[in-house]
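In what follows, chain A forms one complex with chain B and a second complex with chain C.
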Partner chain A sequence: MPEPGGNAHYTEPDPRVTGTIRYAQDVELPEMLYACVVRSPYAHARVLRVDTSALPVDVVALTPDDVRSLGLYGCQMKDQQVLAVERALYIGDPVAAVAAASPRAAREAAELIEVDYEELPAVFDAVEAMQPGAPLLHPDLAISENDAAYFGMRPEPQRNVCHHFRIRHGDIEQGFAEAEIIVEETYRTPSAQHVPMEPHACLARWTADGRLEVWTGTQTPFNLRMDLAGIFGLPQEGIRIIAPPMGGAFGSKTFVRYEAIVAGLARKAGRPVKLVLRRDEEWLTLNRHPATIHVKLGAKRDGTLVAKQVTCWANTGAYADCGPGVAQKMGFASPGPYRIPHVWVDSYCVYTNLPSNGAFRGYGATQAVWASERTMDLLAERLGLDPLELRLKNVLVDGDRYCTGEIMHDVHFADCLKAVAGQIGWQRGRRGKGLAVLLKGMQTPSRASIVVEANEDGSYTVHCATAEMGQGAWRAIRMLAAEQLGVPVERVHFPVPDTDIVPYDTRTTSSRSTYMMGRALVEAVRQLKENGELGYGECVNEGGLDPDTGQGIASTHWHQGAAAAEVHVDEETGKLEVVHLHTAIYAGRIVNPPAAQLQNEGSMIMGLGSALFEEITFADGQITNANLSDYNIPAADDLPRITYDLIERPGAEIHGLGETALPPVPAAIGNALFSLGIHVRDLPLTPERVLEASERRSVHSAASV
Partner chain B sequence: MARPIPAWLAPTSLEEALELRARYGEEATVVAGGTFVGILINQGLLQPTALLTLRQIAALTYLRVEDATASGKPLLRIGAMTTHRALERSPLVQRGWPVLASTFALVASPRVRNQATVGGVLADADYASDPPALLHALGASVVARSPHGQRLISVEELIIGHYETSLRPDELLTEIQVPGGIEGAIYRKFRSRSSEDRPCVAVAAVRREGRLRVTVGAVAERPQYFPEICALARGQASIEAELAREIGERYAAAIDPISDARGSSHYRRRVIAVEVRRALEELNRIIAARGGSQSHA
Partner chain C sequence: MAAMEIHFTLNGQPVAVQAEPDEMLLEVLRRELGLRSVRETCGLGICGACTALLNGQPISTCILLAPLAEGCEITTVEGLGGHHPVQRAFEEVQAFQCGYCTPGMILTIKALLEEEPEPDEETIRRALGGNLCRCGCYLKIVQAAQRAAALLAEERRPQPGPGAAPVS
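The block that comes next holds the complex of A and B.
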């Protein structure tokens, strides 16, 4: 890779500021209709009858009969139909849809559809859903052919488990026999909403020659195309996905969301159909996995870790989506970035009658780090050790073997920990202070490819599937291309990705795009310089884990970071004030410093929301806070002093930054509370929970700091 | 169609508005700033057949002080359509009723405060809003007008339940009156979540002519005030720590708090004791420093 150049923040006007940007929800076609979705009011019910007889003649309806013969889909498990044909599996499950001349007419028409249901027993908790006798959501399970099902899937269909991931490393019984101190605890983290500023938006039309064209806010155009091909029985090249920039996604705009419904409506209507979700429908579309995690950790008296057993129950809701992948990454993040000779992990992805849970910034790591890093402080307290010293004694260093068997390289966990400890004033006293460290994998295996084309006017065009969702990926890739081509960034164009034009890319997830595309670019630019016209490059990272043993290559490239927090607690009310939050992230080499900084700040703030108040609440499967008044996200006045280090190393690779700072933030804050003797197991850290925990505190358990 | 577009009634004079109000009664939902009605409509909780907006009535936006009233105390008159933001930023209010200015500044965010009105927040009677508890403690009243005349209703008698007021179907709330003569006043907003959230527990404490009035908001269907507990402070030159604690504990025992996303009933009861005590401690300091008032975030 060439060395970083000037890294100047580019000087073009930002289309988001000038208003020239056209988001997915801004796309319009002549003659288009507007869709509205009819949703199940029951958490689990047989759909008996869908009656559209009251609809005005100019309204087009999509009902179970229209989609019964279409293919099943799902990016990892094939467990979903375009509408709930036989049974609705959560409150909000689409059972029908309409298309009408205006959004208002569509909304009104949707209310005219009558659906008869027969209510069935439902289950909402992942641990309960695995018990014998629990209602079964999907009696038969098929694994998807989509390439998002990239690892060995281990469904256990008769107990609502769509994936059971295991790590078997060393001899766990022997490990605990050798341990001199064992700590054990169970933690819970709630569901959360991504709250992208722009809701899900998509538009579909069928061309005269039978091709399906879809404009949609998506991070996964190729995975979407694969599933749509299966649903409609088309070859993949019979489908064209255009992916305009998004007003935020955070994992929510992945795989098939509403594209199949609007495509079905458009085919029936013979006209383009567009859908933009209402804000409350976002909560019915995709959320973060609630998780229950049990951790048992054994160590020698000097703090040397010897054994760790973790069980994760990831509640994936009604349809698997990428839940198996989330459960797997939760599983292999949970041993933490530590050298532990004996590790045993069982991570279950479990169906329940909640809305589907899927990718969410942090992708399983937030839940895993909360459980794992809170347990490290429990252990430190039992051993009477400084939590920083305990971590530094055990943390992975270059050349160590992780519990997956892979050798770690370019490892900076200790650097990150030392940096956050220094910035939070760890040496001046630890009361009210806490820290946490994170290891997070990048999508492995995966493939990125890119084409760079020289234009007549001396400018260049990059053809690339990477999605822009506010993270600045297009800008970063243009800057890298400009640097390698030796031209100003204004001379490098990045058109809206269109699967008819751009070469294949796995997807824009797991903070991989700048790293992977940056590598693919090198070959593309080399070729272009050779022939003067066109260059193609690709980057493949090989690997993967054996799902039965968790052995192999979990990630070719590790995201590494640490967080530290200082808190004050109002002991009478339990109100927690975060005074200072600091993160240190290994960034390798930074392409666009202002964008990297903003992305890291955003990640920290999202972590703060998860720590302090974000939680989707349910009453028998019904979401009770599906609006931004009842569901709080951090406001400007909620922010503490926020500081961070983005650690670079000369000659290093680019490291993704999109998600690294989020997962350790809640754990650092939880550990800061624990330094005051307040042990809260469940997120978020509401004043009520803090007050309860502070009352459980006994003289003996008060942290000896 | 299932949901016809509601009739949009936008009178430009109060007389016209009263006439429309009398004609439509509860058929028409009155819209002031629209911050609450908008949420209800968007969430499908309210499907009005008509909306009666008061925004075109310029005569309902004013802030006036009458220096010499019959009671000998100054009186602040607030037009019902005055926004939270206008109240918060008014030098008149900041000088004479600083606790009002600082409390309205704690409501939601500037975006909301630029829209939400003083009349609207009282007519909504939302248990989780900040202003009702303070206006209750300040002994404020509202003017209710109908084509047949007008009456003065104390805030205490105005808010009678969850989103329920004693306004009649032909009445419009046109003015809010806040008496002066305050020796000390404090509003404490305890939030359990975001700074922009509504209170989990709100405490307003006001002393006027040696009498204490403590009102707790956001914990029950309407503001909670117990004159017999406040009477413990009668005749006391100052509210000593022990008395503040006792009043706090008695309020906590007297209130049967609700449970919602901001806290359980059990938790709220504990916070009420703490926050009432703290409010009185602060009030005591304010009185000791002779006059003035403030609100505490």
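The block that comes next holds the complex of A and C.
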């Protein structure tokens, strides 16, 4: 039988243009059944009884009793069961699932399952969830053995905290004592949806010898395999993950999503089972962390920064997922790319009764940069300084020490800032214009490995776990291999990753793959040239932070960029129009120029959505805009003038660039508004918020006359 | 509900398929006819990932009841063959990332250029208002539309006859 998925070779014409590309949702097996999930209508409730007696005989149901004995999972905290067994923790938490002969039969069957609940008190805000007396989501908490739990986790389950990350650098009290001016503000950023065009899709089957095979749109095949092994009590080699190309992911297709549910159904049915999510279910699966961030920044009168204290509350929802990692990166991005002698950061990852929040393009930096860079403009205004000059005075340069204690190399923040300021016409006048700069870490530590094999027909095959979600990593790796092997790119094949074949890779996240795999490839090709048959290479980046002090190596490779925006505001209606958006990012050496441009343009456009209108709205934990009519994403006719620089340097190494331009965009637009005296603390910058802030300013000016 | 038989022309070939009366054309194209270029994202007729041409006009197949396609001409990207000028333009410009929205974009631009062979940028952007791309390829998609217009104009130009002077 031909294996589904197939080989996605880039023959001419491109399968994306002919429509012949096969995504995870297109994989099919004979005799397969279709799944549908039954979800909790309560934000927090005890699950008393799941009654499947009304189901037709040919429908297979998975209920809490079927999964009670299976292992707990979670990529960083072991806090989740395959279904909500004792308590459902958010509106949408899966409590049962069915498999039937068609998607329609499955949907109809799901409605026949009756569940009795006892409603419990719920909490939705991260700051409230940490208060005494708040409902506790996970009173007993264990840290995951998955290698995605790669840093020291500091859970405090008695106040709903699954991780408390700290930076302790210098002497914060002394720092504020030395400060001649202190600004302080609290910011909020909302939850957002990734909206991959292709929904989550997965298919599982059990082989006659008891192996589990899963075809799934995933960025993390090996992390997924580890958690599935724990759930089903199998050795990792007993599980095979095949990862076809995805119709977009942006962080959403990571770790265990529905693979355990379809595997459970498939085992019970004795047949393959496939699930493709309905669009509204995407909002019940994984979103971006809403965050509250308090910033206190102290400086000398000449603008020299001396002290910064930041507290982040990252709302991770019902299950931690990789929220501890997001809170950590939010924490170490929040001081910003500046020389500050005294830094104190507390970043909390907090459980609430919302759907889980996890990896989202930007990974905590979007929230951190909004707070950090808006505060820089508050300080500039108080000091009467040009916001660009204030930044250039303090920005990190080569050889500086960051607040994590690491020495910074290959630093280009000032170049990025100067580039965006020039393109936005900063010197011609700053009214209606704003700037922001970003530093963002890459997954550290991590390991990438790759095998290159010579085929009999003179072509080569690359075996590599890197996932393709549109970012162009497969093409970039093929181009690098072709360049080193001295053959046209068409002679290098990149089969769909299959964990039975490809060597280990940490995961396809944090804009690391072209950089890390590119380095691993050099050794693999060298070996292959020696023996003529096969080469193996790996790349390891080592580092990590002390979780209690935040000291160490946060990242071996810093993503660096800046954004500038020019805006017009209609002060009668609050309507904000972005006229021009420019970003400059440090790109090192670019492998595939059109793909690099597309990644940067896509980051900017996603940043524009986050700045202007993307926000998941809730009413008592119930999402009120879980569809693309009420939740808007940018369309072609929403765009301002968009320009950018990808800054290359002769002799530089490859640099990740898949998400660098997103985080500074909202902050640059917010600062452009602030240049007009309109101070908005919370994203997105809706007409209502702009109008309210604009009226607040008018009252202040009237009062001060 | 009893399934019914529906007849229409798909990519130039007459087809007869079984469908439930309340089924959308998208489900029928995927399940009964095996087409994978029509894809569901929003399910509301907003995003354009399920676009097909119905008698030459772009429609959202996720909200068109299958029986309403009776007697119509339906075109999907599979019917363009792979070397249509709009497809070639998308390749040249590399106007895609994940490629999920690409077939819908190509069909929408094909229909636009048939009605308006030389659209300005604003017209293109407006025409694409119902086709979402979460990867954010819009700048290059607009360029691809412009390039496709140029390729189609070249095709329309009368071919030089045997006696024509060589172009210098």
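Rule of thumb we're sticking to: the second predicted complex is superposed on the first by the 685 of 705 C-alpha atoms of A that agree within 3 Å, B and C clash if a C-alpha of one lies under 4 Å from a C-alpha of the other, contacts with A are read in each partner's own complex, and residues count from 1 in each chain.
Quick note on the criterion: a contact is a pair of C-beta atoms (placed from the backbone, for glycine too) under 8 Å apart; a residue touches a chain by one contact, two chains touch by 3 or more.
Since the model is a prediction, treat every value here as computed from it, not as a measurement.
Trainee: On the A-aligned overlay, A:T624 touches which partner chain: chain B = first, chain C = second, or both, or neither?
Mentor: The answer is first: A:T624 touches chain B but not chain C.
Trainee: With both complexes overlaid on chain A, does A:D457 touch chain B (first), chain C (second), both or neither?
Mentor: Neither partner.
Trainee: Kindly classify A:D637 by the partners it touches after superposition: chain B alone (first), chain C alone (second), both, or neither?
Mentor: After superposition on chain A, A:D637 lies in contact with both partners, chain B and chain C.
Trainee: Between chain B and chain C, pick out the one touching the greater number of residues of chain A.
Mentor: So, of the two partners, C touches more residues of chain A.
Trainee: Considering only touches as defined above, state whether A:G248 meets chain B (first), chain C (second), both or neither.
Mentor: second
Trainee: Return first, second, both or neither, reflecting whether A:E111 touches chain B, chain C, both chains, or no partner chain.
Mentor: So A:E111 only meets chain B here.
Trainee: Between chain B and chain C, whom does A:I21 touch in the aligned arrangement: first, second, both, or neither?
Mentor: It touches chain C, and chain B stays clear.
Trainee: With the two structures laid over each other on chain A, which partner does A:E198 touch: chain B (first), chain C (second), both, or neither?
Mentor: In the superposition, A:E198 touches chain C alone.
Trainee: Looking at the overlay, does A:M469 come into contact with chain B only (first), chain C only (second), both, or neither?
Mentor: A:M469 contacts chain C only, not chain B.
Trainee: Between chain B and chain C, which residues of chain A are contacted by each of them?
Mentor: Common interface on chain A, chain B vs chain C: 278-279, 627, 629, 633-635, 637.
Trainee: With touch defined as at the start, can you tell me which chain A residues reach chain C in the complex?
Mentor: The touching residues are 12-23, 25-26, 104, 194-199, 245-248, 250, 278-279, 469-472, 594-595, 597-599, 601-606, 627-629, 633-637, 639, 642.
Trainee: For chain C, which residues count as touching chain A in their complex?
Mentor: 20, 35-37, 39-44, 46-47, 49, 76-78, 80, 82-83, 87-88, 90-91, 93-94, 96-103, 106, 124-126, 128-142
Trainee: Under the stated contact criterion, what part of chain B meets chain A in this complex?
Mentor: 1-3, 39, 42-43, 109, 190, 192-197, 200, 261, 263-264, 267, 270-271, 274-275
Trainee: Report the residues of chain A in contact with chain B in the complex, numbered from low to high.
Mentor: Touch residues, chain A against chain B: 107-108, 111-112, 278-280, 572-573, 575, 612-613, 617, 624-625, 627, 629-630, 632-635, 637-638, 686-688, 691.
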